[in-house]
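In order of appearance the chains are A, B, C, D, E, F and G, and numbering begins at 1 in each one.
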Amino acid sequence: MASITPIGDKILIKRIEAEEVTKGGIVIPDSAKDKPAEGKVIAVGAGRRLPSGEVVDFQVKKNDRVLFSSYAGSEVKIDGNAHLVMSEDEILAVVE
Amino acid sequence: MASITPIGDKILIKRIEAEEVTKGGIVIPDSAKDKPAEGKVIAVGAGRRLPSGEVVDFQVKKNDRVLFSSYAGSEVKIDGNAHLVMSEDEILAVVE
Amino acid sequence: MASITPIGDKILIKRIEAEEVTKGGIVIPDSAKDKPAEGKVIAVGAGRRLPSGEVVDFQVKKNDRVLFSSYAGSEVKIDGNAHLVMSEDEILAVVE
Amino acid sequence: MASITPIGDKILIKRIEAEEVTKGGIVIPDSAKDKPAEGKVIAVGAGRRLPSGEVVDFQVKKNDRVLFSSYAGSEVKIDGNAHLVMSEDEILAVVE
Amino acid sequence: MASITPIGDKILIKRIEAEEVTKGGIVIPDSAKDKPAEGKVIAVGAGRRLPSGEVVDFQVKKNDRVLFSSYAGSEVKIDGNAHLVMSEDEILAVVE
Amino acid sequence: MASITPIGDKILIKRIEAEEVTKGGIVIPDSAKDKPAEGKVIAVGAGRRLPSGEVVDFQVKKNDRVLFSSYAGSEVKIDGNAHLVMSEDEILAVVE
Amino acid sequence: MASITPIGDKILIKRIEAEEVTKGGIVIPDSAKDKPAEGKVIAVGAGRRLPSGEVVDFQVKKNDRVLFSSYAGSEVKIDGNAHLVMSEDEILAVVE
């Protein structure tokens, strides 16, 4: 498998398909609004650079299970699995 | 129940349904405009980072009852209850 | 009556209905443009935070009678009276 | 007459009607574009706050005759006369 | 003639009509795109204030012949001649 | 072959055509969303200038294989091959 | 020929027509997207002012051959030749 390293403040996420989410019984998005989706963090970039020049660490790390809007990120398939590249501020929460 | 930790400046809120709000007789939104909704703060992120790099504390804390616009946030269901993830500046006021 | 504390730079205003305004003969909005409305400041938040991190005081205080655009703020009803939550920069002027 | 004090960087202006402008023979807006309007500064706010927190003085003062876009500001009527509340950067020029 | 002093970063320009431009044979705008127009600087404001609070001098001065987009500025007529009030960054170049 | 040096924060990328991507079996974009494309970094500009004036180095370097949105950049053909000029924040990830 | 000095961060460019570009065999824009155009830098302004007040030098200089988007800049004709006034960040690359 090729290694994909996100740039800067970007994060590579492997999408967790709806069936898996339902099986775990944890997060079922409501139909009325934007449906958040779940995924696992595969890799993070070098960090987010503030306007001051300082680079701040990510608040998510490899293997974190995260919630994000279904509109977030750019999709890529790696070895047949759906992945997304998005910036950290598109991530809503970490599921523990 | 799974634990959901919001990212950065985001806040996890459990929605208080309209019936409950009406029962308490406290806040009934007017029909002419955007209807604010009520909820209880379940968890807060690490804080909001200013452009200078400083992280400032939230003005709401766990268990606060808050008002927010009905358009605010992204909805998730946890164990069958409607929750919302939103940033603090989408919260209008704390009801005490 | 429940106490409502606005968040950060937000201000809670009790709307003064048009009849009251007309009775006082002071401010009658013109029909051609956005009609400003009048209200009384009921409570203010903790203050507005500048990008530098400094928190600045409000220029309006409790009991001030204020003018604001009729499109400003989010409406809530408290004990049957129309109230609005808005940020200070949506307030046009103080009527003395 | 009630006293109206503009908030922060806002300015209260009494509109000078078109007839008065024409009589003075000074500024007749061109029909092809946005027509600037004229008015007299009645009151100014406390000043404009820079992102750094510093408050800067206004460049217009009470009684200045000013030009502004016909789309600028929010209209109020005080004692039957058309007034406008606008921020200083909506003012184009001072007529002396 | 009334004196008009532009506010802050604004500049008062007397338009040079197309015929005059053609006579001098210098700048004939192309038909395919936004046509720049020519004018003479009549008066400048106090200067442009940076976010840091510093006021910087203008790069154009009274009597400079300038090029600007035909969409730039707000038109006023002074003593029957077309004038424009615009900010310096709407000026493209100085013609010498 | 002419040498093309990107300006400032811009990067010159030689597009890797879809057939080549498929042959390597690495990244096949999903049909549902914005399809990321692949390319090789040919040349980078002088660096990105922060608002503070500091110039920061690029996170990609010559010969890096990168993923970017199919909408990113401006296309040029050099010696018959499709190239793109884009800024670094339009690059999603480096493929190693 | 009149001398035209661009203002601040603006650059005056003499367009190189398509035939000339094709003759040199260097850059033929692709038909699918925004076609970059080529030109020669004729004159540059005083430099770009950062929010901090510092003025930074241009990365292009007089006589540089540059690529830019076909939508960039405002067109002027000088002595019958198509010229453009644009800001440096509309320039994609220098062709050497």
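In this section, a residue touches a chain if its C-beta (ideal position, glycine included) is under 8 Å from a C-beta of that chain, and two chains touch if they have at least 3 such contacts.
Bear in mind that the values here come from a model prediction, so they are computed numbers and not experimental data.
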**Item:** Interface residue identity across copies chain D, chain E - same or different by half
**Value:** different
**Message:** Tell me the rotation angle, 0 to 180 degrees, that brings the C-alpha atoms of chain B onto chain E, to the nearest 5.
**Reply:** 155
**Request:** Could you grab the centroid distance between chain C and chain E? Build each centroid from C-alpha atoms only and quote it in angstrom.
**Result:** 40
**Request:** Please compute the C-alpha centroid of chain F, do the same for chain G, then give the distance between them in whole Å.
**Result:** 22
**Message:** Which positions in chain F are in touch with at least two other chains?
**Reply:** 51-52
**Prompt:** Linking chains that touch, what shape results: line, ring, star, complete or other?
**Reply:** ring
**Ordered ring members, chain D first, chain E second** = D, E, G, F, A, B, C
**Asked** What part of chain B is in contact with chain A in the complex they form?
**Response** 2-8, 10, 12, 45-46, 49, 51-53, 74-78, 82, 85
**Message:** Which stretch or stretches of chain B touch chain C in the complex?
**Reply:** 24, 26-30, 32-36, 50-52, 54, 56, 59-60, 66-67, 69, 88-89, 91-96
